[in-house]
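Here chain A shows up in two complexes: once beside chain B, once beside chain C.
Our next item is the complex of A and B:
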């Protein structure tokens, strides 16, 4: 059998359901843990980030307005499609993170299971976090959790797939839309994940993925008036306080979790709660 | 029309003292800040002199709260904490009339509101949260959720006692200790609450109340040994606090400004809607963050509604806050009155049509006659900025989609109102409104069991209900 020349993939951004290159025309080399060249990734810019926010905002009414059952099926579909590409992700995670194949298998399996876990939450969040309020008067008062809006996510720098999935899934499970800046040095599993999202009935714009320099792009998202919440998980330590200060300009919800979070354990509801508002509705009772 | 006879509540009931001191570590002490004179905005007379905290007093108070947290409060079983909090609720009820009169004197709000809303709701908040103290494991935050530590709380002048209750009750129930700063212009009822807390024999340092101006609040939220900051006030100050806390581990909740839409559809019972609109904007002189300050009326009934509204607003009695007939009391301060005047002038300058009630106003004190602007466009300042006064801006819409778009066209998102007889439309509208509270066929209802708080620039976190506990737990 003769050696066949493989078809190398061009890794691009994922914005509004499409795969554009960075508008800046920039790219940067991505290597494996030993320094061997893997691919060039798009080096996203401020304008890419703004395009992604616009796409996320556009997708928000449809996604937040979809039934919880529908969102649950879409998230479960992501797990199904991910399972089908399990081998590809094992290879990419092993290369990106420099782990043995066995460890990579465990990471990918947990990432798949994480989608299933969050898929099952979509139609239970309101029952668990909502309430009918026993107010002292002739009113029916009820409270329901509702998505905050557009969430900017700085994905963990180390955990290129499991960490990424663990920060994206809770954002979209409850109906938010996301703009994600991937791990800077380990962006390839994220771009491959975007191919999974694009073929899993996740509407375009619900998840937007940007590769590049976190420290360059994050400040624009932190100060963007149309971003409602900011996840600092993958933020460089030196930048965290500045990003929080920028976020205060439009009273964003800020999740201060650190990347030291252990993504291998089953999460609790805190990441779901972080991007939920509570809406209380009152109506008089009478005849 | 009939004539009203004045029916004033006696100011003696307030047990007004010439001097009030701050509560630190279980003792009433003189602060080393410059004492402030708090005035009756209804007459501009000085009510009392109040000691204020200096930077070092803030530190002393936080240290006292820390000691009380470490040594007593965090170790006490929830069932015991609960009984202290129940005691506070009961004492507020027992001294309700005194508190109501004092509140109206210091704040300027009509006695019927302080008596029927502020004081009973404050008591209800303590009573409700007391019951949570030994049931936190059932609150949905996992088994045995832990408190945060010392809470630094800064509250506004519009509901002085009620906001103190909203802040202190959940903090104590969850096992935190408190340093609270009341507003500069309305410190008195918080200091009577301090007296109640002393009479309830709370361990020293569990609740500390330190009056002062914004600099005291800033020192409190910046203090390195504060674990939790809760602020109710303007969006402008809320942003400053959020910036100050950047890079710290302090948990923050903010309850900020609003510019609520109150939406009336053509099928609404208009007379009922008029009552709701009046309540929505003239309750508490419009000094309400969730006030229904933007009235959106379906075009086909706009003229009819406006006519009814003018007629109804003309009957509102503006004047002595202690008179039980008074509907609209005094504006809280000269500064606030100036701000209201400035914004209403901008409304006229920008071309909105001004209608102001011809009701008589007292000669002394800070008063502003109820005002309704029609022909308001979304770009005008009176449609965008929080006026925090008895001023309503009326806009119109044709379709439900347009109503939603206009209602949501604001950086705020605290509350909204919907008036229609159609149930499905209420739920459809409620779902689309980007606001933390939606009142349908009613307005300005508050209850400790119902979570309250905003979307977007109206802040984050909730107060009340199971949801509100999250703000004071390490979860």
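Our next item is the complex of A and C:
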């Protein structure tokens, strides 16, 4: 058998359902845990982040307006496509995180299960977090959770797939749209996830994935006036305080979970609850 | 046919009768399609940053013809548009006011009540906008009504059917008559370049409108796709520049429709500077027909000054 020349890959960003190059034209080499070259990834800039926010804002009315049942079906579909790409994910997780194949298999399986777990939540959130309120007056008062809007997510730096899935799925399950900055050193599973999202039924712009330097892009998202919430999970320790401070400038919701979060255990509702606003309606009752 | 002003003999001859007009228009040099598109794309790559960008944004804001031309327009919508025209960004009084508010004739009175004395022009579309399919009498009555109501600028449409069938004399006549009906009001002639198909036609229509006395030539109604494009605007800017070299008069250009982002607007300003000349960087000689563009300009202006990206929650809804 003749020696085949391998196809060298230079990946792109995922913004608004398309795969554009970084506006800056930059890319950076991605290596495995031992330093061997794997592929080139696009090095996103602040303008890519801005474009991603615009795409996420555009997608928000459609996604948040879709029925919870419909969102659940779309997320299940994503889980199906994830399952179909299982082998690729195992290879990439093993290379990125430097774990044995067996361990990588278990990580990928947990990630897919995690996605299904959040998919199941979509049509239950309103029942669990909403209520009809007993009030002292002739009113029917009820509260329903509504999505916050555009959420900027700094994905975990270590857990390249399970951590990524655990931070994206709760954002979009409740009807928010997301701009995700991937793990800087381990972006390959996230890039493959963007290919999964593009080929399942998720509308373009609902999830936007940017690879590059977290410390470079995160401040622009934290201060962006059209971003409604910020997940600091993957933020560098030295930047956290600054990011929170600039997020306060436009009163964003900030999720301050630590980077050391253990993603292997089944989560509670806290991440779902973090990106919801409660709307209370007072309805006058007849005489 | 009579030329509206005293023109150099070559141009006066062109406007003498239908056949000399045809000879003149068909004698214009053809447009190099590839060349003009390449040049437009090339100028579009200019990088305008920092202080220049801020200056360009303020200039573009002062050139906006804030437009609402919908069947669903109400007096309330026109009033809110007028308020926005006077003070585009209420938090920042240093933002320049826009050039004009552009409405349908029946809304002119409402706009005029709000804007008279502010220095903002009241533009009205007329002559059976947007199709131009009506009789001459109705078109003229439409124009007179708009001017009586208080319009200081009239945006007329040419009869594209007549132009495309080669009845240049008829189109010329119409523009001359509408110009008369305008009185003191400025006349913008909408060529509807999306329906003229070729750049050669755009060049001919531009010259026709300039010969007949249009103060401005405007690309489109905004109701037809494609609307304003950079190459088409290039061709029109060349026409007003050539007009100036031949007659010494300055005439304006107004691209309208499809210009939504600050980036696009700045590309147009670069084209104005490079193709026509720096004296056209003036709201009296260059306008943007737009509605959503203003919000993007305001957001970009805030981004430049605040050092972080702004969002649609911080500007008024259209």
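The definition used in the following text is that the second predicted complex is superposed on the first by the 281 of 287 C-alpha atoms of A that agree within 3 Å, B and C clash if a C-alpha of one lies under 4 Å from a C-alpha of the other, contacts with A are read in each partner's own complex, and residues count from 1 in each chain.
The working rule: a residue touches a chain if its C-beta (ideal position, glycine included) is under 8 Å from a C-beta of that chain, and two chains touch if they have at least 3 such contacts.
The model shown is predicted, which means the values in this text are computed figures rather than measured ones.
Visitor: In the superposed arrangement, does A:10 touch chain B (first), chain C (second), both or neither?
Guide: neither
Visitor: Just to be sure I read the superposition right, which of the two partners does A:283 touch: chain B = first, chain C = second, or both, or neither?
Guide: first
Visitor: Given the touch rule stated above, what does A:226 touch, chain B (first), chain C (second), both, or neither?
Guide: Touch partner of A:226: chain C, not chain B.
Visitor: Using the superposition on chain A described above, determine whether A:53 touches chain B (first), chain C (second), both, or neither.
Guide: Second partner only.
Visitor: Should A:249 be classified as contacting the first partner (chain B), the second (chain C), both, or neither?
Guide: A:249 sits against chain B and chain C alike.
Visitor: With both complexes superposed on chain A, which partner does A:131 reach: first (chain B), second (chain C), both or neither?
Guide: first
Visitor: Which partner reaches more residues of chain A, chain B or chain C?
Guide: B
Visitor: Contacts for A:264 in the overlay, against chain B (first) and chain C (second): which applies, first, second, both or neither?
Guide: neither
Visitor: Where on chain A do the contacts from chain B and from chain C line up?
Guide: On chain A, the residues that contact chain B in one structure and chain C in the other are 225, 249.
Visitor: Hey, which residues of chain A end up touching chain B in the complex?
Guide: 128-129, 131, 133-137, 139, 141, 143, 148, 225, 228, 240-245, 247-251, 253, 256, 268, 270, 273, 277-284
Visitor: In their complex, what parts of chain C are in touch with chain A?
Guide: Residue positions touching the partner: 307-314.
Visitor: Which stretch or stretches of chain B touch chain A in the complex?
Guide: Per the stated touch rule, the residues are 124, 140, 142, 235, 238-240, 242-243, 245-247, 249, 254, 256, 411, 426, 430, 433, 435-442, 445, 447, 449-453, 455-460, 462, 465-467, 470, 475.
Visitor: Using the touch definition up top, name the residues of chain A that touch chain C in the complex.
Guide: Spelled out, the residues of chain A in touch with chain C are 50, 53, 57, 220, 223-227, 246, 249.
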